[in-house]
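Pasting the structures here.
One chain, subunit A, appears in both complexes that follow, with subunit B as partner in the first and subunit C in the second.
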Partner chain A sequence: MAPFHFLMRHLSNRELSSWFFLAPVILIHMLVVAIPSISSLALCFTDWNGFGKINFVGFDNFIELFDDRVFKKAIIHNLIWTALFLTIPIVFALMAAFLLTGIRRFQMFYRFVFFFPYILASIVNCLIWKYLFHPIHGLTSFFNSIGWESLATSPLTTKETSLYAVAFVDGWHFWGFLVVIYITAMYQVDEDLYEAADIEGASKWQKFKYVTFPSIRPMFLFSFLIIIIWSVPAFDYVYILTSGGPAYSSEVVANFMYFEAFRNMNVGYASAVGALMFIYVFFVLGFFWSLRKLGWEI
Partner chain B sequence: MIIKNIFYSIIASSILFSAAVNAKTNVIWWEYSEEGSGLNDALVKYIQDGFNQSQDSVNLEIIFKEGEYNEATRTALLAGVGPDIVSSSGATYVAKYASGGFLMSLEEVAEKNGWKDKILPWAYNTGVFGGELYSLPKNYESMLYFYNKTLFEENGWSLPTNLGEYEELAEKVQAKGMYPFAYGSSGWPMTHEHLAGNYLNTVAGPDSVYKAMIGEKEWTAPEFVEALELLKKHMMAGYWSGSLENYYAVGWDDFSAQFHNREAAMLQIGSWGFEIATALEGDEWGWAPLPILTNDGGEPNYQLSVGGTLSVNAASKNKNAAAEVLNWIVSNRETIVEFTKSRNFGAWLMPLYYEASDFGDDVDPRLRDYLVDFSERTGNGHYGYTTWTYYPPEAGTHIWKDMEVVWAGDITVKDFLAEQQKLWEKARKNDELLPIAAR
Partner chain C sequence: MAVYSKKTKAAIGNHVILMLLALIIILPVLVLLFNSIKPDEEFGVNPLGFPQTVRLMNYYDAFVAGNYAKIMVNSILLVAGTLAVCLTFSSLAAFSLAVLNPNGKSTIMIGIYLLVGLSIPAQLFILPLFIIWKNLHLNNTYVGLIIIYSALNAPFAVFLIRSYMIQLPKELFEAAIVEGASTIQLFTRVALPLSWPVFLTTGLVVSLAVWNEFLFAVTFIHNEEFKPISSILYSFQNRRDENYALISAASVMMAAPLAVLFILFQRNFIAGLTSGGTKG
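Here is the complex of A and B:
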């Protein structure tokens, strides 16, 4: 009973009722997310194959990982992936959102068009682009027929372009989401600021630079944060379009982890990859938390 | 009043019926779903209904699992539940399930019912781990060479019997603006291992492959290097779909169309390729075992492969009833022949001791010839090894995944094979090797 009395003494009624209502969610989260996550993290110190005996191997999995050429390649690809998503979709989404806020007619139609790929299942998006890129009956075949031989090969099947081609398809589906969140943020900007800018004779670009962008900065930084975090487990588009190939040219960490766990049956080794992914996300969150402590609006 | 009586009668008979059903022992079997091709319906018709009608004490129910059914099965087994009859994609899974103690030994059932006299020995042995039988082979496969017979006759081409003829034929086909072979890896990159296995077994030869698998030879031996160098040379020469890039972009539907539309003259694929060949319209097709790709050629071999297994869950409360189902399958050759015939012998071709009379006159003679030839040749020791039946997990993934690295020119064949050697040594050390058909 002691903890109960302690809580009663130190928490207000309001706080107690908050915890009371949060309790079911916390319980479900513990059972479904936290405990399985922690136990799977514990597996990174074992050589478990997913079925049999579990042997403790200390840091062997991590030592082996840092010597694994495919893992190193996958990390570099994840960094490239993150850099691509932090630039191209963001720039396009900002431009589209800003232009859309200036139009009155058919705005909902355009918003729907941009957002539509985001609501499609990844397998559908991937199949569309696989067919478009197909060298025999896709767009690439058309380019071949008109003599543009440099575009006659599917970018998914050459090692120089495969990662960028997969990122392009994923970015094509993702950028509409950014457009919608930026538009929502832009609608919150005080109209008086635009009126003041108009009186001062500001151009469209100056209005964007000095009014719109600073006003949506929290949302912009939030999009930065989610892109960095979501880039870590990037998997479905890579798996469906290239399986990480050809020759590991589009291999990413999550796909590597999947193959280790479910093809090579190295569950302990795959858990070590998962642990490193967790640590990376933890540091990213810590970094953004520090910015917040420094007074940044995030 | 009459309506009321009828209503009561229906209720009473429903209760009696469910009581009768409940009196039976229920056996649950999880199987991967292949709804589109009609395999699910056929499995229910021939196996589920066939078994249920054959006796009164056990009620078999097959539940089809969408997606990666191996993963669903593994999760269920780890949780101490799962189906009574466990289906898996192959020996790799059985080895892991058996080592984890998740499967019941079928040794006693097999001995009591004489399974050894009913199942082909090489296939029987793929389910033996630590001296005990843990799985039944569901289907056997091999790699074959399909060709457009009409096209061959029109151009005066003949089937190659050695490396020189093989390369000469490929050049002739390419000169006609066609691909020598229809094939590609889009959607199923494991096709690389089909090609690698073909070259290892027809260039280096099955004796060398066997020695390497049992550790009497290194995978870096010159014959293996030569085999994979030759594969690389042919891949770069556009034998499969015209170029390496096309090969990566082409999937099952595409390469079937290539074979059907005369875009390609031949198709090197597993025996499941009968499904593609039998759909060829307008032209005649033929098949042959893969030619031996050395200067002198030689006696062709069939690579052995088991596709899919059946076992009994050690945690099942109805182990005996589940074993009874498996015994019914093994002992009902006629039903199995009917079933596999309905699938054009592309599925559920259980490796049983068949006789020519089993197949009847309505079977395509080309299919019958293959089944008979397979039995004769393999019976005479002319057999090789598929990578997906005999390779341990890591070496099995490496053979197809890293083959792309070789084709990309990022590593040499020798480096690739050195890595294979390491993975085989690791598997041997960890006691992860699968049962290998001896020579």
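Here is the complex of A and C:
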């Protein structure tokens, strides 16, 4: 302790001593995030397999990627995923938050229930729905027992529905988060505006459209941004529920990258996928940032 | 009177829709709870309902035979280790950014660095990190995973703690300096004791993130002995002989500690999770 104390005493320069306190966080963050990220951005121009010789191959990985049928499928699925999350959970969350502001009783109960799946582990949420959507057990077994055989299908193992079923489970877990941030914003809306709307004889929908929604627009745009960004690395639910199957019908970019990286050890190829994800996220951030510069309230 | 009844009617309408939405959440969770106390042979005839015979032994089986006692300890060690490292490092950094040099160049640079860090998808760095960890012999160790979790949660923790410390009255620090306190003492005697509420919030959110974390747990720990509960449940689910009674009981055991914490500290959880926007 003594030499440390001595050092601190003599760090009279504020700037210097402030760096001293910052050092531990910066060091571990650089080790875990910055250095590997930069390595990845370098390795995406190589054909490294993790242990052999590293050969520079230029843009070959990217050329190969855009020729890869599975990767193209994964990108389309990520776009569908983003579009789904930008619509269905947002609509339900806006509705639930708006309805919640209209009631007093049981409000905390509903808030608790809606938010609850958000604190559950992805593995637990997946177990719940893997069972319910199981080809033999769960809802299939239930529908068969009451004679509704037409409903007794397994959405996770059917090619046409697997992506939507996975997105449903992730959305089921996620939408309560939106409810909570929307309701927080809605409570900051000026009460006088609602009273004025009441005097004008506004309907519920009109109040939502002309008072609530314009007031929570910054929070709404924030939720838009985080959904777009969080949809890029969406992994847990796909990997656990379907691993991208059947026949790549629920493959997404993060899962594709994971298998290239840890099953096939294609370091260069997988790094190229990571680099593209990174570029996309920063393109989105830059887009929102320039909207803000243009005077949009974000 | 007319206004009152109109309002009541509207409230009932609200409750009907909200209740339907709530049931979509509650019913699947109930099925999990029922399954956790259902005998394995009953799954064929009673897939969703309350068990005809309640079998609490599922929990005993999972805890003892399924070795979940040990697995829970693994997860608890990871959470405790990450809390110790992450909160210590983050509070030092937050103190620096909020108290030592609130308007300095370092604050802006670190702010930008951590924000960029938060937005990088894990897929960009997980593979080189895996190779670095392999060479440092940190794969398959708690220390390796604790360092990763601490680093990943640090940006959020720094922001949250800083936003609290920056509101502390400047006079307290000035008075301590007049009394001859060193910089370290300013941190340990003034900043830390006054900031405990934000440590509760940050600690809860970090614990939640670590307890539930899946991607890094599955990637970095392959030794069954060291696996935390999330990756053990994954390997259990993927076995051919699906024993739903046992897996359900184990899942409930995984969820229960967090559910209790969430009931006790709902406000802190929600404030913490919605302020930083961490991925859950």
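Assume the second predicted complex is superposed on the first by the 266 of 298 C-alpha atoms of A that agree within 3 Å, B and C clash if a C-alpha of one lies under 4 Å from a C-alpha of the other, contacts with A are read in each partner's own complex, and residues count from 1 in each chain.
Here is the rule we go by: a contact is a pair of C-beta atoms (placed from the backbone, for glycine too) under 8 Å apart; a residue touches a chain by one contact, two chains touch by 3 or more.
On a predicted model such as this, the values are computed, not experimentally measured, just so you know.
In the model built by aligning both structures on subunit A, subunit B clashes with subunit C. By the touch criterion defined above, A:135 lies against subunit B but remains apart from subunit C after alignment on the C-alpha atoms of chain A. In the superposition on chain A, contact of A:214 is made with neither subunit B nor subunit C. Residue contacts after overlaying the shared chain place A:271 against subunit C, while subunit B stays out of touching range. Shared-chain residue A:50: touches subunit B and subunit C both. After superposition on the shared chain, subunit A has more residues touched by C, the comparison being subunit B against subunit C. Once the two complexes are overlaid on the shared chain, A:262 sits against subunit B and subunit C alike. Of the two partner chains placed by the overlay, only subunit B lies in contact with A:156; subunit C stays clear of it. When the two structures are aligned on the shared chain, A:286 is found in touch with neither subunit B nor subunit C. Once the two structures sit on top of each other via chain A, subunit B runs into subunit C at 135-143, and not at any other stretch of 135-143, 171-179, 207-215 or 261-269. The intersection of subunit A residues touching subunit B with those touching subunit C, taken from the two complexes, comprises 50, 130, 262. Within the complex formed with subunit C, the residues of subunit A that make contact are 4-5, 8-9, 11, 14-15, 17-22, 24-26, 28-29, 31-37, 39-41, 43, 50, 92, 95-96, 99-100, 102-103, 106, 108-110, 112-124, 126-132, 137-139, 141-142, 145, 172-174, 176-177, 180-181, 184, 204, 226, 229-230, 232-233, 235-236, 240, 253-254, 257-258, 261-262, 267, 270-271, 273-275, 277-278, 281-282, 285. Across the complex, subunit B meets subunit A through its residues 68, 71, 74, 77-78, 92, 96-97, 99-102, 186, 189, 244-246, 248-250, 254, 393-394, 397, 401, 404-405, 407-408, 410. Against subunit A, in their complex, subunit C makes its touches with residues 10-11, 14-15, 17-18, 21-22, 24-26, 28-29, 31-32, 35, 43-44, 47-48, 85, 88-90, 92-93, 95-97, 100-101, 104-106, 110, 113-114, 117, 119-132, 147-148, 150-152, 154-155, 158, 182-184, 187, 208, 211-212, 214-215, 219, 230, 233-234, 237, 244, 247-248, 251, 254-255, 258-259, 262-263, 266, 269-270, 273-274, 277, 279-280. Within the complex formed with subunit B, the subunit A residues making contact are 49-52, 130, 133-136, 153-154, 156-159, 243-249, 259, 262-266.
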